[in-house]
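Given below, in the form of structure tokens, are the structures.
In the two complexes below, chain A is the common chain; its partner is chain B in one and chain C in the other.
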Partner chain A sequence: MLRTGSRDAIVVAFQKYTPYFLILPSLLILLTTVIFPLAYSVHKSLLYFHLFRPDQIRWVGLGNYFELLTDSAFWTSVRLSLLFTAVGVGFEIVIGVLMALLMSGHFIGSQAIRLALITPMLMSPVVTGMTWRFLYNPDNGVINALLGYLGISGPQWLSDPSTALISVIIADVWQWTPFVFLVVYAGLQNIPRDILEAAQLDGAGYWRSFRSVTLPMLKPILLVVVIIRVIDSIKTFDLVYVMTWGGPGTSTFLLAIHNWSIGFSGFQIGRSAAFSYLVLLVIMMLTTYLTKQMRTRVFSSQRVV
Partner chain B sequence: MRDSSMSNRVILPLCRILVLVVWLFPLVWILLTSFKPYTLVASRDPAFFFVPSFENYISALFEYGLYETFLNSLVVASSTTLVTILVAMPAAYAVSRIRFKGGPQFASWVLSIRMLPPIAVVIPFYLLFQQFRLIDSVLGLIIINLTVTVPFAVWILYGFFLEVSRDIEEAALLDGCGPLRILLHIFLHVARSGIIVTAIFSFIFVWNEFLFALILSDAAAVTAPVGISKLILPYQVLWGQLSAAGIMVLIPLLAVIGFLHRYIVRGMTFGAVR
Partner chain C sequence: MRRGERSPRSLTSPRVYRPAGMSRREVLKLSVAGVGLLGSPMGIFDARPTFAATTLTSWAIAGPRFEFPQRAVAKLFSKRFPEYNVRMTTSGWGEFYQKVGVALSSGSTQYDAIQHDYVVVPALAGAGWLEPLDDYLDRDKKFKESVESDIPKNVLDLYRYKGKLYGIPPDGNTQMMYYRADVFSKRGVKPPTTWEQALEIAKELTGGKQYGFVGSFRRGFWAYLYYVSVIRSYGGDLHDEKFNVKVNSDAGFKSLKMLHDVQKYGDPVGLNGTNDEVIKSFSSGAGVFAPCEWGGAGFTNRQFNNFAEATSSDIVPAGTGPGAAPVPDMGGLGMIMPVKSLQKEAAWRWIKFVNSDDPEVLETWVKNAGQPVRLSALKNPKFNKIQPFFATLAKSLTIAKPYGGFPEHGAVEELVGTEVSLAITGQKSIDSALKDMENGMKDIFTKAGYYK
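Take a look at the complex of A and B:
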């Protein structure tokens, strides 16, 4: 029989080494599947590496990075992606919050309606892109057909460089607003009733109490949602690949598709890797900026990840 | 909060129905299109009333190989989800309970991984898989999908596990329960909704994943989204089959969400957004 002292020692030893034992499989997976490609691609980003010219592989240091930073096409993509994200996520947040407010509460079919509204975010962006491409079709698309019934001559949507980007944004907003809706709706459920009732007793109308009570309490959740959406929005690939492939011209040549074109049309592996890290930098700067902006207006002691 | 005046009893429901109809219209349109015979699909005037037919579904499944792609998607998504949960649970437990270096920064670190464009990950894996002949294999797809799902799962589960009260744990520890048993019996039960939410999100991600599958599959391991993209022929788009395929790809996810939705709501309110 072990005496209490030794038993405690074993428990302590267990507690000391178990964490490492427990996270071992996870760590192994993370190491091979995250660290490896990271290290590999960082290394490749410092080389001239054309997939089909192995004899020309050479060290260029930060050469790839400089070439990209002085390439106007790169900055065009940066500008387009920032525009895409700002407009897209902006609309997603506003519409999502309004939708959550509209659909909160109990009414007939509320659960079914909420489930139905979530559907777009369950779709593969490939399917979403094709769906909207079908709707936008100048020849037999239903949007222009319906507009035609109203006597309006619809735009060329994806075929027109001046409307292509907004058309893609609409599809993206359509797909991801339900995500914002879902999260904000869940957040609304967490807001304690008594505070809202107290505000009402004090004479606050619906919108006033929303602005002063609900909104501040939603801020931490909104911050997380914005960050997640911004990160994913800059990475948007599937949608553009299927809808416009960067065109017409370069009107939808967002960062991800540009990177693809460098890596898989031009086979410039090194440049593509450098491109990826520049995009990473853009995302990091964006999220840092957004976090600072939104955090300074949150007076809660909640720890926000 | 709202009084049931005339405006609220009529305008609100009206608004709700309007939002629902407008938002779901694209989906409904695709659903309708999927049942249209070929001549109606490409017609100039949109048809709202017609005699439905299954020809698009059958064509998509058997003529254009989507049946195999669905099977592949199912295998890849289920396996990835299973492995993800098995691997992420112990890790999340360790990070949430035992203090060790880098614990609090863990969440930010995980988020940073998410910031890396997936294309940077694909190329190294492609070259690596070439060595091990894992190109165009289900196993290869599982492996590369794990790079995305595992960090995400650990992050989400970490948030949930933080919420689990320590009292039960400490009682169990004093009774001589090893951490593994604690994990299995206590956490699995208390954080059940969180685990289910994590599994659902992982499954949805892998099911809909496109880039990895596009590059790393060729003929044998083609998944549904890639199969669908192949319906875009050089000079023609097979809209009918595409609509049918789009609906078919959506149904399993709707079923999953439909059966498990109460876990999702409970999961999200329980602290998913931490």
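Take a look at the complex of A and C:
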């Protein structure tokens, strides 16, 4: 039979250490699936490591990082990815908001149309890429055939360095605008009707109501959508892999396909790991900048409202 | 409790909830039927004599040419040797090399035989991941003699590393020239023997919606393969056996300029094209001449090409100048055995069967979209009727040269393939592209420790 003092000590110890035991399984999972792979990849990024040359593995420190930062091909990919993101996300936001505004009313068939509008988002990027690759085929693709009927000679789309990137952007916008539409549509439903009615009573037209009431209230949602889409866009791989493999030349050699070619075509694991962390840096800088910019405008516009 | 009602203590109570209208017996019958339905795909009620059969796993690239013939031959194998069962695993071409590399480097014991590219054999064997096959081959003198006499020596040697044999190829391929014989005949044009003649033909045959040339110049792997064949046809090469870089040379310049010039008359689809796009170009009638494309059923099979009957093949053109000769790239995939396989004897039986000279095996292979490498099969008139390009393939195999064959070839592929694509599309000058290829390759080989 335990003495009262010992029993109290056990109870105190139990109360103190039980929370740690309860979160231990989650911590173990986090350790093995997130922390260890991260630490492992950081370590690999500091090595010359070719998958098929275990005899040549050696420490190079930040050598992989310096080489990439002084490689013009890396900066070409950064520039192309930023362009892809800026143009693609820009169009997605504009078209998505317009679609949401158009669909915000109730009319016959609105539910069915909404469902049809989000269908592209449900397709896998590989299927989307293959479909658009067939559509863009200059010899027997549908797009140039339709343009031909209108007497227009269609461009070479994916085969021309000057049109390849915009062709991939079009496919990307087609696939992800429904995501923007869905989120903005949900946001529009949450705007209080009485504020809009009050604006109308004060003589504000549709455009003035949208600019002064709807848009400021949508800004927090737009901030989230822009950040999500920017991160996704920078990481775009599937579409480019299927449609152009980064070509013709390097006209669509975005960051993700560039990294893939180093790691999974060249099997240069160390360099590829370093590349991934540089991409992470690019994403972090972009999202920090966007968050600061939008927050300033969101807070200032909220103060006005 | 009435039927259809849930007990208030149902969360902890051992009493089973019964849907309304069903008796206990009905629920039991339904459960057994459900387990039976779920069980059969899971193999619980598998009728195969698994207690007797040894199951081995064979890994191939998905689709015709690799997967289809292997699956068909696997059925034959299991019929002839009921004690063995072949479980086929496939991966798409685009991810096969990567998946195999990762599986072998991580020491996977899952795979017993893999049909893989000779290009990676030195890297995999050098890393100690492949089982040498010499001892297995020596056990069966008749089979060894058959392999060594019927498979071209330059092809079999591709699977050797430091004197040991690590693979045996049931499949062979090279680049070949494809052309619309009807169009050529109508214009009174003969198939070219040099690239300069090919350029003239391309000019002659381009007009309206027809392109006198179509090539596969997609950035990376495809552009690299095309360029390697052409630079060698001009008597040059990317580097020598000691990895001294030779690309920035007269032959290097002439070959890259030739590709740049001939593409002016080419179907633009080729700039982002693989073999698929070239076949589609032929099928639509747009492209009528492809001087250097990979052999395959696509060009001469009605299923893939509307003009299959009018499409003929020949060996690739030569360049001009010292050392010029037609030099197609060597292709083909051979059967290798991972060193971590747990069924080595079974794997060897399977590899031997796939590579045998048994007429039924060869016929099964060819009829299921396979491309044999045995000369007796390629010259067999019966098989030539099925795949008309076999005769050209037999000729090409004897003059083809391998590419790659060292661990860093993937990085070289990417570098050269990108620079070639940049030069052909006019995004970079030819001199600048050659200079960047030279510097890039030197950097790769220096880091790999080839320069002592």
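We take it that the second predicted complex is superposed on the first by the 272 of 305 C-alpha atoms of A that agree within 3 Å, B and C clash if a C-alpha of one lies under 4 Å from a C-alpha of the other, contacts with A are read in each partner's own complex, and residues count from 1 in each chain.
Note that a contact is a pair of C-beta atoms (placed from the backbone, for glycine too) under 8 Å apart; a residue touches a chain by one contact, two chains touch by 3 or more.
Quantities reported herein were computed from a predicted structural model and do not represent experimental measurements.
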Quiz item: Is A:Ser276 contacted by the first partner chain B, the second partner chain C, both or neither?
Solution: first
Quiz item: Counting residues of chain A in contact, which comes out ahead: chain B or chain C?
Solution: B
Practice problem: Determine, under the contact definition given at the top, whether A:Thr250 touches first (chain B), second (chain C), both, or neither. | Solution: second
Practice problem: Could you look at A:Trp207 and tell me whether it touches chain B, chain C, both or neither (first, second, both, neither)? | Solution: neither
Exercise. Considering only the touch criterion stated at the top, classify A:Pro161 as touching first (chain B), second (chain C), both, or neither.
Key: second
Practice problem: Name the contact category of A:Trp59: first (chain B only), second (chain C only), both, or neither. | Solution: neither
Quiz item: If you stack the two complexes on chain A, which partner ends up touching A:Leu196: first (chain B), second (chain C), both, or neither?
Solution: first
Quiz item: Where does A:Ala116 make contact in the superposed view: on chain B (first), on chain C (second), on both, or on neither?
Solution: first
Practice problem: Considering only touches as defined above, state whether A:Ser261 meets chain B (first), chain C (second), both or neither. | Solution: second
Quiz item: Touching chain B and also chain C: which chain A residues?
Solution: 139-140, 241, 264
Self-check item: chain A residues touching chain C - in the complex, by the definition given at the top
Solution: 48, 50-54, 56, 73, 137-140, 156, 158-161, 164, 241, 244-251, 253, 261-262, 264-268
Self-check item: Complex contacts: residues of chain A adjacent to chain B
Solution: 7, 11, 14-15, 18-20, 22-23, 25-27, 29-30, 33-34, 36-38, 40-41, 44, 99, 102-103, 105, 107, 111, 113, 115-120, 122-127, 130-135, 139-140, 142, 145-146, 174, 182-183, 186-187, 189-190, 196, 200, 206, 220-221, 224-225, 227, 231, 235, 237-238, 241-242, 255-256, 259-260, 263-264, 269, 272-273, 276-277, 279-280, 283-284, 287, 303-305
Self-check item: chain C to chain A touching residues, read off their complex
Solution: 94, 98, 101-102, 105, 120, 123-124, 126-127, 217-221, 223, 267-273, 277, 280-281, 284, 286, 407-408, 410-411, 413-414, 418, 421-422, 425-428, 447-449
Quiz prompt | Residues on chain B engaged by chain A in the complex (per definition of touch) | solution = 1-2, 12-13, 15-16, 19-20, 23-24, 26-27, 29-30, 33, 42-46, 86-88, 90-91, 93-95, 97-98, 100, 107-108, 111-121, 123-125, 127-128, 143-144, 146-147, 150-151, 154, 159, 173, 176, 178-180, 183, 204, 207-208, 210-211, 215, 224-225, 228-229, 232, 237, 239, 242-243, 245-246, 249-250, 253-254, 257-258, 261, 264-265, 268-269, 272-274
